[in-house]
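Chain naming follows the written order as A, B and C, and within any one chain the residues start at number 1.
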Amino acid sequence: MIEIENVRKSFGPLEVLKGINLTVAKGEVLTVIGGSGSGKSTLLTCINGLEPIDSGRILVDGVEVHAKTTDLNKLRRKIGIVFQQWNAFPHLTVLENVMLAQVKVLKRSKADAEAEAVKQLNHVGLGEKLKVYPSRLSGGQQQRMAIARALAMSPDYMLFDEVTSALDPQLVGEVLDTLRMLASEGMTMICVTHEMKFAREVSDRVAFFHKGVMAEIAAPDQLFGAPKDPELQKFLAATH
Amino acid sequence: MFDTALTANDLVFLAKGAGMTLLVTASSVFFGTILGILFGVIRYQIGPWWATPMTLVLDVFRSIPLLIQLVLANAFITTVLGLRISGFAVACGVLSLYTAAYCAEIVRGGIEAVPQTLRRAARSLGMTWGQDMTYVVLPLATRVALPSWIGLALGVMKDSALVYIVQVVELLKSTQILITRLQEPLFLLMICGLFYFLISFPIARFGGYLEKRWSND
Amino acid sequence: MFNYNFRWNQALSSLPQMLEGALVTIEIAVLSMAIGITVAILLTLFRLSGSRPLSAIATTWVEIARNTPALFQIYMVHFGLGGFGIHLSPYLSLLIGIAFNNAGYLTENFRGALKAIPETQTRAARSLGMSPIQAFQNVILPQMLRISFLPMTNQMVWAILMTSLGAVVAMNTDLYGVTSELNARTFRTFELFAIAAVIFYVITKAITLSARLLAARLFRY
C-alpha cells in the first residue's frame, strides 16, 4: 500500500504539490490526469525518493520514503518506474539492459537474471530482440524494454510517467497494450497519462490534478461521466 | 621571510629568461598564425582531395616530438647546409611551422563552420570572393576559431620550454641553471611554474568564457 | 653548400638499439596512460562527489597540468622532489611526470564526455535500485570511456611524444635518449635523429590506426 499524507513540495518559489493526500491499495490501478505543471510527474518522482519533499510523508508498505534512516536503494527494488524518456543504457544489449540491475542490485546469479530477463522481454513482446542494441529499436520498442527492465526487478508497485508522450502516434498502441496486460495481471500501478480512453478503460480510480492540488478522484465512469470539479470539466471539454 | 641565496641579479637573470620565453612565443605565434591562415584558406579552397599532400606534411609536424624537430632543423641547417644561424632563429622557425600546422586545421574548421547559405546570400548580393571572405566569413569563422587559437598560443608558450635544445636560454633553462648553482630546486621551480601558470590560467579561462558566450549565439 | 657527407649506413647500423629504445618509449607511454586514466577516473569521482575539498584537489591538479609545460612537470618530479631528499630514477621521474600530465588532460576530457551523457541515465539506474557508485560504474563510466576514446587516443600519442622530454633527466634508454647517446658518440646528428623521427612517426601512426580499428570493432552500436 502506498500512503501519501499531506505532501507539499516546491521548486524554489514555485509550489508544485500543495498538500496531497492519497492512498493506493495493493492491486489497484490508479491513473493521474491533468495539465502540464499540475504536479503529477513530480508526485511520482517523490514516491521513489528521486525528489525530496518539503513536508508531509510518503509511506510505501509502512516505510517512510524520505526518512533519513530509510535505505532508498532497497526501497527502490519494490517500486518500478518508467519515464517518458526510456533511458535505455546504450552500451548494453537489450538483454544486458534488463539483466544489469538484477545482478548488481538483487544479487541474482547471471543464469537466474538471464532467465527472468528473457521471461519479461517475451512478456512485453521483445523476445526476438535480445541481442540487439537499443539504438536499433524504435521508440516504442525501447519503451517496452524499459518496462521489462523495471518488471525484472520483481517490484510490488509500478509507476508510469507519461510513458507514451514521447512516442510517434503509431507506436503508442503497443505500449498501452503492455500496460493493459499488466493491469489485468493484478500489478499495482500508478499511471500519469494523457491517454483518456486508456485511463477510462483500465483504471480502478482516476485522479485529476490541477496546479498542485488533487482536485477530484473517483472511479473512471464517474469522473469522466459526471465530473464535479469545474477545472476538471474545463479540462475534459478541452481534451475531447 | 624566505631564507634564500637568491640575489637581485639572479632575479634579473630569471626575468631575462621569461622575456625570452615570451619573445619566442610571440614571434612563433605571429608568423605561425599568418602561415596557418594562408594554409588553412588554401586547403579549404582546393578541397580535401587536392589538399592531401599538404595535410600529410602538416600531419608530420604533429607526429614527431618537437624536441626532435628542433634538433633536426638545427642539424640540417648548420651541418648539412653549412649555414650559420642563431638558435633563436631555428627555434622560431620550427615553432612557427609547428604553429602553422595546427593553425591551418583551426582555420579550416572555422571557415567550414560558416553556413554555405550565408555565403551564397553574400555572393548573390554581388559581393566578390574577397568581400565575402572579409565581411562574412572572417568574423564568423573567427568566433569559432578563436577559442581554439587561444589554446594553441598557450600551447606554444608551454612548448617554448623545449628550445633550450638549440641553445636558447628561456625561463625553464634559466631556472635550471640557477638550481644547479643555488641548490634550491623547489623554491626556484615554484617561481618558474607560477610564471607560466599566471599567464596561462587567466587567458585559458578567458578563452573558455568566449567559447561559451559565442556558442549560445 | 652540400659539403656534408651523409653517412646513412653508419646511422642505420644503430637501428637495433634505437628500436629497443622505441620499446621502452612505448612501455613508458602505455604505463603513463594506464596510471593517467586511473587517476583521471578518480579525480572525476572527486568532482562528482559534491565535496568541496575533493573537487578542489581535482581542479588544482587539472589546472596545474594544463597551464604549465610538461617539461616543467617532469622537472618538478625529478628536481623538486630531489629538494625533499627523494631521488627518483630518470625512468620513474619521466613516467610520473607524463602520468601527471595525462591525468590532468584526461580529467578534462572526461568532464566533456560526461556532459554528453543525459542526466536521465543516472536517474534510470538509481530508480532500479543501484547505489551511486553502482550507477557510475555500470552505466556512466562505460559510456564516458567510449565517448572519450578519441581524445584518449590523442593523449596516448602525446605521451609517446612526451617521452622525448626525458632528455632533461638524463634518460638514456628510451628512443630519444638512445639516439642522443649515439649522437654524442658519433656526431651523426642529422641521420640519427632523422631515423628516430621516422620511427616516432610510424609508432604514432600505428597507434592512431589501431585505435580507429579498435573503435570500429568495440563500439558497434
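For the reader, a short list of remarks on this structure follows.
Methods note: a contact is a pair of C-beta atoms (placed from the backbone, for glycine too) under 8 Å apart; a residue touches a chain by one contact, two chains touch by 3 or more.
Everything numeric in this text was worked out from a predicted model, so none of it was measured.
Both subunit B and subunit C are touched by no common chain. The central chain here, found by comparing per-chain C-alpha centres with the mean of all protein C-alpha atoms, is C. The greatest centre-to-centre distance from subunit A, using averaged C-alpha positions, is reached by B.
By number of C-beta pairs in contact, chains B-C lead all other pairings. Remark: subunit B and subunit C have CA centroids separated by 21 Å (rounded to whole angstrom). Centre-to-centre, using mean CA coordinates, subunit A is 56 Å away from subunit B. Mean C-alpha positions place subunit A and subunit C at a centre distance of 47 Å. Per the touch definition, subunit C reaches subunit B in the complex via residues 1-4, 63-64, 66-72, 75-76, 79-80, 82-84, 157, 161-165, 167-168, 176, 189-190, 193-194, 196-197, 200-201, 204-205. Residue ranges on subunit C touching subunit A, taken from their complex, read 118, 120-121, 123-131, 134, 138-139, 142-143, 146, 220-221. Interface residues of subunit B facing subunit C in the complex, by the touch rule stated above, are 60, 63-69, 71-72, 75-76, 79-83, 154, 158-162, 165, 172, 175-176, 179, 184-187, 189, 192-193, 196-197, 200-201, 204. On subunit A, the positions that touch subunit C within their shared complex are 48, 50, 73-74, 76-77, 80-81, 83, 85, 87, 89-91, 100-101, 104-106, 133-136, 146, 149-150, 153.
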